[in-house]
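Shared between the two complexes below is subunit A, which pairs with subunit B and subunit C, respectively.
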Partner chain A sequence: MPELGRAALIVCLGLALYAVVAGAIAARQRRQRLAESAQNAVVASFAAALLGAAVLFTALVQNDFSFVYVADHTSRELPLGYTISAFWGGQEGSLLLWLLILTGFSAIAVLLARRSAASLLAWAVPILGGVITFFAFLLVAVSSPFATQAAPADGAGLNPSLQNPYMLAHPPMLYLGFVGLTIPFAFAMGALAARRSDELWIVVTRRWTLVAWTFLGFGQLLGAHWAYVEVGWGGYFAWDPVENAALMPWLAATAFLHSVMIQEKRGMLKIWNVVLVIGAFALALFGTFLTRSGIISSIRSFTESSIGPWFLGFIGIVLAGSILLVLSRLPLLRSKTRLESPVSREASFLYNNLLLVAFCLTILWGVLYPILTEALRGEPVTVGPPYYNFFLKAFGLPLLLLMGIGPLIAWRRASLRGLGRTFAWPTGFALACGVVLVVLGAGSSIPGLVGYTFCAFVLASLVLEFVRGTRARHALGSSSWAGAFSSLVARNRRRYGGYIVHASIVLLAIGVVGSSAYDTIVDQRLRPGDTLSVESYDLRYRGVEDSRGANAQEIRAVVDVSRDGESLGTLRPGKNRYFAEQQVSNEAAIRSDRLNGEDLFLIADQIDPDGTLFLRALVKPLVNLIWIAGFVFLGGAAIALWPDAREQRRLAVRYGRSEALARA
Partner chain B sequence: MSPELLLGALLAAAAVVFVAVPFLRAKEPPAPLTPADEALAKAEERDRVLAELKELEFDHRTGKITDEDYRRQVYPLRRQAAALLPSETSKDASEQRFSPPKLPSSRSDG
Partner chain C sequence: MLAVFLLYTSIAGGTPQLRPSELNGRTGEITIVGQVVAPVQRSGRTIRFRIKDVQGSSTVRLPVAYTGSVPDMFKVGRDISLKGRLRAGTLVGVPGTLVTKCPSKYSSKKT
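And then the complex of A and B:
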């Protein structure tokens, strides 16, 4: 079976190489049959990658330990779900997943663009082929998932922290996001290579960017929830380089999704948009490099890593090639229009872009600095959460405010009188909320108070936008208010879907501020029978339970929870001792209050043989809003992604008529 | 040859056939033509101005911009739209140039 996997990957590599060479010749010499053949090669590369993935999947499910990868990442006792998730639990498998998604997305993009953007496809195909070639080459020559050995009796098992249901969805989601950013990059570069200055590449890739951005955003939230429930330190985001690796391309893609609207509405920022697309793709590659090259642990492990130098070389080629292409096409990208006023919708988008990119670069510097210092001085300098938290407040709070300001300002320019009228209600509401919060004691954290006041402003401005829009549509003849509301959203799904995404960011901000600025942490040593009070909760430690699970010994501290004498149930924080992996993991216990979104979070830091427990208890107000925000985010993204038949007709007329004129 | 290698060879053969399918056609089809930059730029600019006009109407209707701001912005936009529309429709649009802007205007795009 491993021979079949290897053969599939070699065929995939051959097809990708053909797509690069034949695609480039076809685009240059305008040879249509050769171009279609190169497109077919991209489509066929998906079939080859799928076969390779099927071989590894079968080996995993059958516990075929003659595959080195299977033996290194699974064991006989590992439950089936986690055996499947081991596909992306190691370097070779996750690279194969990259290739599978990349070829799948590329095949879909090629088949769709054949109908809607045939003239743009010619140069996009060799670029897609180039990226596929790199990953197929890594899997064939550098890091093969099909290496074999004499099968051992059992495997080494999977890292215990990866044995969580979230690991079934979180990594694939992130990969769907990372890889999805390849498509806008390929079409943007294809348009530049073809010397096109029109916006067809934006039309073709708009949905791809939005899909990739949605997967990246939701994937990160799943990862945060995994960290919260599984890693057992009481937080959900630690500014770990692996977490930053996914956040950076998401920030760049967020900036692009906003700035591309300025290009569509005003014909401005063409160079900036291309740079953002290149940046988002390069950061997606860099994210994969960070997580897979070993560079995070040390420079030494990077230099010993099989794929690190290859990745670095490829990122260098992508950046150098893209920048040269942009520089050679600068005259095509110059905008004819200029910003008319610093107080306008497009100006607010521009400020939002500058803040997002500044935040992204700050994170990038925080990730690179320890690596560079280790390379230059021989010892790494740690960049910890205080650095990132400072910039989160410095850039995040103005960004939050801009989310409320942007929708209220008109395009081109806004007069002071108009601004006063539009901003009166949201500003008044936000200030009133701020006063109420001070009275309620929220003044203990100034950033928290400012954050909540800004959240109130954004929510008020969003509600106002929906109310005024619905009223306008009702006045235009919609029979009912519900009809007016649905007509409002249906007529501009991107805008109102975007507003719902903004609402999800507000929910996220409320949850983050509440759980970080107003949380309570208590550490206490307890003997069986001892009690502890945290905020309004009373905890009583009963003793230790010990049981055998499917693949681990489960030790639990039994803690009764009550509030004002009323029992709220029993929590069991503890530890798991994994048999095959010979590792111990923390198993936190969480009680969520559905009414106020608060969590009581218990960590058994240490359980001594005599039953003494070192307990850490955290009360995290509003933390559950973070997870609810994920579903609101998905809802908003789905509305924005929903096809708009009227817009599609308009675009078909625009580009169809132009292509017809070209034929005449 | 092992069955696995045979399957691999079959995959390679199928891929070659699929890639070669376009060459089995008797005649080279015409390459998709890239529309002239000027025509496409004009079409994009026309759509952009019309969208801006709709947006302006809607912003005015929702109270986001004042009557005064609306009047100041709508004239240049209508002139731009009239210049960009095809001749048969530009007549109607150019007539609107000299009519006072309607407050609030016709159907808008929310």
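And then the complex of A and C:
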């Protein structure tokens, strides 16, 4: 069995190397048959990776402890679901998952592009092959999941904090995002290497970026929800390096998805777009490296990691190679047009891009800061949440505002009078909302007030866009308003899908602002029978319940919750003491209000033997909008991604000629 | 320009990260990274324990006093990081800054 796994990975490595060499020769000498053979090698490498993954999967499910990896990450008692999630619970397994997804995506991309963008494939294949080679090499030579040993009686088990349903979905989701960014990179570089100066690569790349970006975004929200519900400190994002690792490529990809429209419509920002694609891919590699190499704790631990130096080397090669390629193709990338006015849709996209990239760099700087200072001064200096939160406000609030301006402002050049007409309604609505909010007491946080006012502005301009579009459709003869609305969305999936994603970001912003700028935290020492009022809630501590669960002793503080004398139920925050792992975990209790999206979040910081409870109570207004935003986000992304026959035909006409030329 | 801006806030907002053996009586705010050593004593919401260097052979055992919620993973032998100031030989922690380092997530075990 392990031999089969090892052999599969070696075959995968061989196929990938072949794709690099044969693909490059075929592309240089324009040899069609050889090029097809290299493409087939990429597809076949997926089969090899799949076989390797199947071997590890079988070993995990069968508790085959002669595999070092299985023995280190599972045990006999571990439930089946977590045994499967142990696949990505350790380094070797997660690398194998990377390889599996990478070869899978590559195979799909190659098969799809054969029909629609064959000329781009020539150089994309060797580049995909190169990335596959790197991961296959790591798995074969540096960090093999198929190392064997004399089987111990039982395995070491999985870390309890990873024994959680979210860990089944959250890491694969993030990997789908990280890995997905490889495809746009390969096609962008392929187009440059082939000296293609048209926008065909953008068409291929945009869809793949959108897919990867959707997985990455949703995966992050899953992680945030896991942190909120399970880790139990009352927050959902802590600017932890591992969280930042996923946020950075997502921001870069977000910037690309916007600026790409400028290139499609106006032929501008070509260099910038290529740089964003390279940046997103490099950040995805860097993110994998961050979560897997241990560089965060210190440089010292970095040198101990077996794959760290390899990753760093590969990122270096990727950056150096792609920058050289961009520099050598600069004449091809010259813009056809120039920015005509700083008040136009192009310009607002440009500002949006600058803000997104600036924020991305800010986070990168914060992540690298301890490493840089340790290298320069000998002692690492860390920056904490205040640093990130400051820049989130400094860059995030203007971004929010732009989200309301961008979709409405005219292309090329917007006149002041036009602006007044366009924005009269949203501005009026936002100002009215602001005044109402001040009256309601939202003035206690200025960033919060500004954030909410901007949210109102964006929502109003989004609604305005939908209303105008629907009205136009209706006037064109749609029978019903609902029919007009659905045909509006169906005919412009990218545009209106994008607007729905914007709406989800507004929901997210409302949730984040509400739960961070307007939250209440109370710490109180309570004896049984004591009461405590937090905002509109009256809490009464009844006493301690102590029960024995399957694998842990469960201690719970029983707290009755009521409002104005009306009972809202009983919450049981507490702690679990795990027998086997000798570990204590905090079990927070949450009451969500369906009507206003507010959470009452109780943490039993400490429960003394005499029944004294140190309770931390948090009231988080609107926090549930964050989770709803996740589903709206998915919906919007799905609409934008849905294949559109009309658009395909448009593109076929537009690029068909150049494609035919390239083939000739 | 951006870099200068970032550098500025980093210096203003950052705290040095030290090991227990590197403290040498510094009284400014620092982030300390170390391994928890027994015994851990609790009195009310305050816990007292000692930490040592995660690696190396230093014999320094730094006393720590910390008030506030303690993460789940906190126990003897765990690596933690904590913000605080040195007061009369004891590191007094800033509430809410005690973080345990999750071994499975960061390190590639056995090397």
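Methods note: the second predicted complex is superposed on the first by the 645 of 664 C-alpha atoms of A that agree within 3 Å, B and C clash if a C-alpha of one lies under 4 Å from a C-alpha of the other, contacts with A are read in each partner's own complex, and residues count from 1 in each chain.
Just so we're on the same page, a contact is a pair of C-beta atoms (placed from the backbone, for glycine too) under 8 Å apart; a residue touches a chain by one contact, two chains touch by 3 or more.
Quantities reported herein were computed from a predicted structural model and do not represent experimental measurements.
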Fit-or-clash call for subunit B and subunit C when the two complexes are aligned on subunit A: fit
Vertex subunit A; arms to subunit B and subunit C (CA centroids, nearest 10 degrees): 150
Touching partner for A:S75 - first (subunit B), second (subunit C), both, neither: neither
Dominant contact partner of subunit A by residue count, subunit C or subunit B: B
Which superposed partner A:A44 touches (first subunit B, second subunit C, both, neither): first
Touching partner for A:P380 - first (subunit B), second (subunit C), both, neither: second
First (subunit B), second (subunit C), both or neither touched by A:A475: first
Partner chain(s) touched by A:E264 [first = subunit B, second = subunit C, both, neither]: first
Smallest distance from any CA atom of subunit C to any CA atom of subunit B, in Å, after fitting: 27
Set of subunit A residues, in rising order, touched by both subunit B and subunit C: none
Subunit B-touching residues of subunit A, taken from the complex the two chains share: 1, 3-4, 6-8, 10-11, 14-15, 18, 30-37, 40-41, 43-44, 47-48, 51, 118-119, 121-122, 194, 196-200, 264-267, 408-415, 417-418, 421-422, 465, 468-469, 471-473, 475-476, 487-488, 491-492, 650, 654-655, 657-659, 661-663
Subunit A residues touching subunit C - in the complex, by the definition given at the top: 72, 89-91, 143, 159, 161-162, 231-233, 242, 291-294, 296-298, 300-301, 304-307, 358, 361-362, 365-366, 369-370, 373, 379-384, 386-387, 390, 525, 582-586, 603, 605-606, 614, 616
Complex interface listing, subunit B residues touching subunit A: 2, 4-5, 7-9, 11-12, 14-15, 18-23, 25, 28-37, 39-41, 43-45, 47-48, 51-52, 55-56, 58-59, 61-66, 68-69, 73, 107-110
Residue numbers on subunit C that touch subunit A, as the complex places them: 2-3, 6, 9-10, 13-18, 22, 31, 33, 42, 44-45, 55, 68-73, 75, 79, 83, 97, 101-109, 111
